[in-house]
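The structure appears below as structure tokens.
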Amino acid sequence: MNALIISAVLGVIMMFSGILLKQKNAVRNIATAGMGVLLVVNILEMYGMSFFRINTEGMMHFDRFSLLFNSIIFFSTFLYFILSARDIEKTGSYYAEYFALIFFILCGVVLATSFESLLILFLGIEIISIPLYILTGSDKKNLKSNEASLKYFLLGAFSTGLMLMGIALVYGATGTFSTGPVAMPDGKPGVLLIAGMMLLLFSMSFKVSAAPFHFWTPDVYDGAPTVFTSFMATIIKAAVFIAFIRLFYELFGSMQPQWQIWIALITAGTLFVGNITAVFQQSVKRMLAYSSIAQAGFMLLSIFAMNADAKEGLLLYAAAYCMATIGIFAVLIKMSDYTFDGFNGLAKRQPLVAGTTAIFLLSLAGIPLTAGFISKFYMLKAALATGRHLWLVIFAVLMAAVSVYYYFRVIQAMYFKENHEPKVIPVSKTFKWILAILAALIILLGIFPDLLLNWFYF
Amino acid sequence: MIAVLLILIPLLAGLAAFFVKNERTVRSWALFSSLITLAVSLLGVAVVKDAKYLAFQGEWMGSLNSSFSVKLDGLGQILCLLNAVAFPVIFLATWRSQYKNAHNFFALMLLTQAGMMGVFLAMDALLFYFFWELALIPAYFLCSQWGGPKRIQVTFKFFVYTFLGSLLMLVGLLYIYFHTKDRSFDISSFYTATLTDKEQTWLFWLLFIAFAVKMPIFPFHTWQPDTYEQAPTATTMVLSGVMVKMGVFGLLRWLLPVLPLASYSWGDVVSSMAVAGMIYASLIAIKQDDLKRLVAYSSIAHIGLMCVAVFSENKSGMQGVMIQMFNHGINIIGLWIVVELIERQFGTRKISELGGLAQKAPAMAILFVVIALANIALPLTNAFVGEFLMFNGVFGSVVTKYNIWFTVLAGLSIIFAAVYTLNMIRKVFYGDSNTLTSAAQDITMNEKLVLGIIVVIIFWLGVYPQSLLGITNEFTDTILKKIDVTILFKKN
Amino acid sequence: MPINYYIFLSIALFCIGIVGVLTRRNAIIIFMCIELMLNAVNLLLVAFSKMHHATNATAGTDGQIFVFFIMVVAAAEVSVGLAIIVMMYRNIHSVDVNFLNRLKH
Amino acid sequence: MNVTQILFWFLSVLALFSALMVVTSKNPVHSVLWLIAAFFAISGHYILLNAQFLAIVNIIVYAGAIMVLFLFVIMLMNLNKSTEPQKNKWLRLAGAVAGGCLLLVFVAALKDSEVNMRSAEVNTGDIGLIKNLGKELFSTYVVPFEISSILFLSAMVGAVVIGKKE
Amino acid sequence: MGRFGGALIMQNALQIAWLIPLFPLLGFLINGLGRKQLSKPMIGVIGSGVILASFVMSIWVFMQVKGGNTHVAEYFDFIKVGTLKIPFAFQLDQLSSLFLLIITGVGFLIHVYSVAYMHEEKTEHYGRYFSYLNLFVFSMLLLVMGANYVILFIGWEGVGLCSYLLIGYWFKNNEYNKAANKAFIMNRIGDLAFLIAIFWLIAKVGSVSFDTVFSTESIGKLSATDITVITILLFIGATGKSAQIPLYTWLPDAMAGPTPVSALIHAATMVTAGIYMIARSNILYSMSHVTMNIVAIVGLATALLAATIALKQNDIKKVLAYSTVSQLGFMFLALGTGAYVAAVFHVMTHAFFKALLFLGSGSVIHAMGGEQDIRNMGGLSKKLKTTYWTFLIGCIAIAGIPPLSGFFSKDAILLSAFEHKEIGIVLYGIALFTALLTAFYMFRLLFITFSGKFRGTHDQEHHLHESPPAMTIPLIILAALSIVGGFVGVPEVLMHGGDRIGEFLSPVIKPHEGAHVSHSTEYALMALSTGLVLVMIIAAWFKFRNYQRTDATGLGKVLENKWYVDEFYEKSIVSPLNKFAGILNSLIEKYVIDGVVNGVGRAVNYGSRQLRLLQSGQVGSYVLLMVLSILVVFVLQFFLRK
């Protein structure tokens, strides 16, 4: 609850700061500070210090999982602000509003991670989506940006329609919107319920860009201003995943036999499409878009598995994935051209940046000693623990091997290729330091995942 | 404690080396630290006998029941010794070869050493996997940074190939983990995991492919000659001298004892692959004109024999593998050193372009001939003992019906080995010198020293192999008890 | 009225909406079809709320409240959506979605 | 066949027909008008189901506000004449077929759903009344109600950011 | 080895027998490492001195053994794995001590000879030469002293290595190096069989020590097939080392080495290792009738083949080489017919006269300034008196004229062949014929070389001179030995108790039981062979007294080209294998194995390229695809999933 209200307030503050404060730094500092505050209050709530006594009975439920997850999200956003806030300002003249929108989105995230009623889920998803349409289109002169935003909007609205239909059908079958385990009179679910569940499955798959509902992702991520792509690809995706996992664990948990096989197929498809298509991309940005699809495929394993390991795994995965991807995008934004050749010989010019980027990429590729490995490891573990559909695990592993192919293309470019017209990339000292810290965190998490997981239980 | 030191020293030394910008210092630093490692490992092998100094168990990943547990047992001792001996030798041998930003080079080399140490010492499946990859990554960077013209593609192939293998292995390990009695990654619980025959079969292949790629066993070997050819020779020494042993090691520690039934029922298939590979590789080696490729293929043949011997599952074979892992490491490093010297002096590795070195560089010729003869297992050289025991083991194996065939066919590779090795000697060192080699210089003192050390080891182990066989004796007994088929079949 | 009638009716409307989305190229019309889909859902919800109310006196209101919220969201969506479409129109003087093909592959 | 049934059928046919016209009519303006008609039909259904509040809101918000907004935009872009070039025939056909199949599948699947014995009672009951809903809205649903303000805020900001000329 | 140090004072030579191989090893190390520092005479002295030392030791040991005390000395565990225990041990008994004498004795003489023969070499090469020679003696001693098959095998491969090194001694000449490789590789083929035999023994008996293996209870563990297989495998090993069919072709090429080397390694000692090994395992062999016959037949066939080839060779050393092969064939014939003693006896005598002949030829070549083709010689008897006479003695000895050594040994062999139960008469006939050929080609060689008039160039002619004493003295000694050497094995019929060597070896070699023929027959056979041999010699005298060069035709040409055996091997084995390897290298490896791996990569790339086309950029198609997939899933879920 803290986070929800504070972030809403912060959003309003940012709106006004745009009018009141003239110089951008002030705005940025306020936003960053606010983000810090948000993180702190959320952590405080984890330790039971809730400032607001509001009865959210039957609507929202802030449990350990959602709170810890929110902290991860806020932390990532915090890093994101420190790394890329300057670049947010570059996209357009409404920098304050952009921050405001981001804070509103965070409200939506809070809703989506801690809903207890389908209504809240719906609102949360919408509060996340609508500002994103804006942010995607925020580079108004850029046709790509416009196109991306319109595509995103149309497809998003369409999927909202599907989702609502699903909710309606579920309501018809159960007579309630609360996400308690569905009551099934005669053991097995009725067609109405199944149909509703399916439609919800599809719409959620759309939001997490799982095949075959992933088509919007590459175009939108490619078209949107890179700084917002970073935000969408990491924080939003992770948040929606939590919504996804909550929905299917709590509401449809008892119907696992009906949906597990579909999730398995969707997972396989997502892994396949994401990894294979990424191989041939020429632009790193677009490659990262596909890679985000591939990573989503791995996260879907947690929903497929539906056990304690999977929850832990998803937490780890969200953290690892967000940190690594934010880092890479932060570097990518600084790049003058987004093709692989743009990275040629980076190691010579910016050894530290290149080194950290390499670590981020290794993490995404799931090389041991990085958080990326341990999170993938947990996913595989969870999937294996079910004891069903072992082919899926093998397939996931094969695809992970494929993913090495495109991640290492960047590393090769940075380290083993020469650049002929070396362009200087303007990076501040602090930027470098943050990157280093981020890399260190990834390694640390990779060696001692319990640091995070113990928080989940203690 | 010793076990931890063995990992820590190279690790920390390597990390430190990243920050030493001066080339000279970083060289000596690397040499120095590797010598310390050698000293410690000698301590662990020869002096310290008390288990509580050799083993260490630390808290790590409690939520997974995986602990940082390392132990220096017979197998570990012999391989750590090899690992520790190899690096000083390599550093000395490549003392004069130049690397741009050398500090990274030596740092990565030391990290590789640390990783391999970890692999040999780990007593926990997850830890093992960690180090397995940790050894791979620096090697990847070494090869693609300092390698030959085709290095990037070739090394990348090597990386993806091995990485895929190890991922499959990871799945296998996880599956076993779920079937251990106490849901733990500890090796002891792995040894007692309850797995049906069917499960063992596909687990066997999941794990075996990872090891087969590493060794490499025909037909998983294609990465190897290219990589050896392209990699900087110092790295090639590491890869062929020590890293390929990781594959054999994996068989011995993580495959046979964990999946004894499958190892028994699929042993023949694997052995056939290995034997076919031996002949195949030997024949191809005859055709090679590039020294590095020739040595690479000969290495495939030798490793193949080790694989067959492992699956002979008897004392003689096992002991043979143990000692041969060490010997092969030493010998092939020696060969690489000479190749490196030749390449550095004449800028070519083409056998056809060389010749008559024996007149100009007699010392090099003699030392090389000795090492080459060790490579073809001449008696009183170290390799003879190993191959004798392995062949004997294969011949006397009771777990296969085809032991005689394996022995005979594998034996052919001895003859072929003589063919290609002697031809290589003849073409490179004998005959009359040509324009290229007429100006040849003989090797310098420190190179003589390095090769001398190797030659001494060769003869010492050739005349008195017991000094190594004693170390691994106990270990082989225990492992053989674990995989004793007769007992297993009594059990189910 | 049997509930099935309502189910079929709204499904029919819903599908007509989908067909519209599939067949038209005008962004605005596509958007309208989506609105049609939403309304189909609304109708269904109301019908269900009545259905549940019949068996359980306390139940049913939530359905209609949900419809209310859907309308709210729809309104917000429309404002943003039309803004985006207008922006698009400003740039390429068309609302034809087939011109949205700079981003592909 | 009493009057409610007649009304029901009439409204259903009207809704479906106008929906079809929305999809098929060439002129965007006509589509808008047909959509409004559809909304009215649906509002009629609401009234039939004693959901007067929603019926009113539907007319005010949708038919009244949203559709007018649409109309404005279309006028502003003067798309009033049928400027829309024809989409690839096959694609349209495929779309139509796909939608039709979906309809079939849905109907076939849901025709014997778990609730198919039950019915939605018409022109009785008072839950649809504004008093009742209002109480609910400001007691149980106050939190979502407040939250929706965030939605509006963001929508507003967004509209400004996007719409405002520079 | 402290306790052995003390043994020096103590008078038992057997305790310090390890010195025998140690001396040559030291010599090898000193000469090898110090070849640049030491002066030539120094090297020569060391090289020959160490051999002399071990020769003295050997005599001492021989005395001890003759005194009747044999001894197995274990020094340390070479390999100890589980139940398998292979000690590093020496066995000193009648057989080994006899070979010790031959090796060190003849070896010493040849070392001395080499001092002069090689004096033109550069110092360091000179040192290299002697170090190799010492190393050879060391390995040979290991071979005969080893108390188990593994130690024997170590020596076995050791001598192979040395022969490789010495054949390729003049390493600038590529032909020589090829010959060296050929020798080594052919030996390797045999060695593989040898190894497998060892493994077989270990598998069945669990030990490789001679005394264990030959003990009755371990014999009991071996089935008849085991014994046959093992013995055959061992014999294959022997064919490699002792140049028998099919692995004999390396020996003639081995003449590329310096002549003393040919004398020592490829005539006197190394090539007899096979005979030693079989004689050593005579207990096993006697138990397998099949193997015995195989050995006999192969031996005889080799003898005949080589003899025929020798008829038409023109290189002085080649003739001797083929005669060596032929003589070795005789020895195997003896082994095959159970006359182990005769074989060993012939080894000894052959060592004397063949070494003599080689050294003689060496002296000739030396005089001719490196010329080896006998067609360019002739009439050398006037200039090279000593050489001529000694060479003549050698020829007589090998031809088998009584009372020279060759007669006795060869006679024993012929007799044993005759006594063979089934096919005695056939064996005897062919063997006799071969013996006659031997006489013929040896004297052909003699006459062409020494009689008639000189056919070489002028400067060769006036450069002709007798070799220095360092070379002639060994010749004389060896000649003397070839004359008297036979008397240690005089047949019973001529002198009662004359077969001393037989008695001496009886503890290790049980005297062979053949169908003993009557004395009269024995006399008859001797007379027959001697007579025919004389005829042959006379024939040779008339044919080659003053030889004119003529080109061989028909059969002669075939013989001159050694029955085209080398060519046959080349065509049937070497080049096909080469082609096959080529195919593997250029096709299979590149396109199949590697092709598959890269193919996967390419497939992924291709898939990627195709899959991205799905991303058409059209909203309509996206929605369509989504709807279609929804459709599919619903159909499957509701209508096809039960």
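Each chain gets a letter, A, B, C, D and E, in the order it is written, and its residues are counted from 1.
The rule is short, and it goes like this: contacts are C-beta pairs under 8 Å (C-beta built on N, C-alpha and C of every residue); 3 or more make two chains touch, one makes a residue touch a chain.
The model shown is predicted, which means the values in this text are computed figures rather than measured ones.
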| item | value |
| --- | --- |
| Any chain in contact with chain A as well as chain E | B, C, D |
| Count of contact steps on the shortest path from chain B to chain C | 2 |
| Those chains which touch chain B and also touch chain A | E |
| Chain at maximum distance from chain D, centres defined as averaged CA atoms | E |
| Chain-chain pair with the highest tally of contacting C-beta pairs | C-D |
| Distance between the centres, which are taken as Cα means, of chain D and chain B, whole angstrom | 72 |
| Length of the line joining the C-alpha centres of chain C and chain E, rounded to whole Å | 98 |
| CA centroid of chain D to CA centroid of chain E, Å | 104 |
| Euclidean distance of C-alpha centroids - chain A vs chain D, Å | 32 |
| Touching two or more other chains - residues of chain D | 87, 91, 94-95, 98-99, 102, 106, 109-110, 113, 115, 140-141, 144, 148, 151, 154-155, 158, 162 |
| Of all residues in chain C, the ones touching two or more other chains | 3, 7, 17-18, 21-22, 25, 30-31, 48, 51, 62, 65, 69, 73, 76-77, 80, 84-85, 87, 97-98, 100, 102-104 |
| Touching two or more other chains - residues of chain E | 612, 615, 617, 619-620, 623-624, 627, 630, 634, 638 |
| Chains touching one another, given as label pairs in label order | A-B, A-C, A-D, A-E, B-E, C-D, C-E, D-E |
| Of chain A, residues touching chain B in the complex | 312, 362, 367-369, 373, 377, 380-381, 384-385, 387, 390, 393-394, 397-398, 400-401, 404-405, 408, 412, 415-417, 448-450, 453-454 |
| Chain B residues touching chain A - in the complex, by the definition given at the top | 60-64, 129-130, 133-134, 137, 141, 144-145, 151-152, 156, 159-160, 163-164, 167-168, 170-171, 174-175, 177-178 |
| Complex contact set, residues of chain B against chain E | 157, 161, 218-219, 221-223, 280, 283-284, 286-288, 315-316, 319-320, 356, 358-359, 362, 373, 378-380, 384-385, 388-389, 391-392, 395-396, 407-408, 411-412, 414-415, 418-419, 422-423, 426, 429-432, 463-466, 469, 473 |
| Chain A residues within the chain D interface of the complex | 4, 8, 11-12, 15, 54, 56, 58-60, 92-94, 97-98, 100-101, 104-105, 107-108, 111, 117, 119-120, 123, 126-127, 130-131, 133-134, 137-138, 140, 172-173, 185, 190-193, 195 |
| Residues of chain A touching chain C in the complex | 119, 122-123, 126, 130, 133-134, 137, 140-141, 143-144, 146-151, 153-154, 157-158, 160-161, 164-165, 167-169, 171-172, 175-177, 218-219, 222-223 |
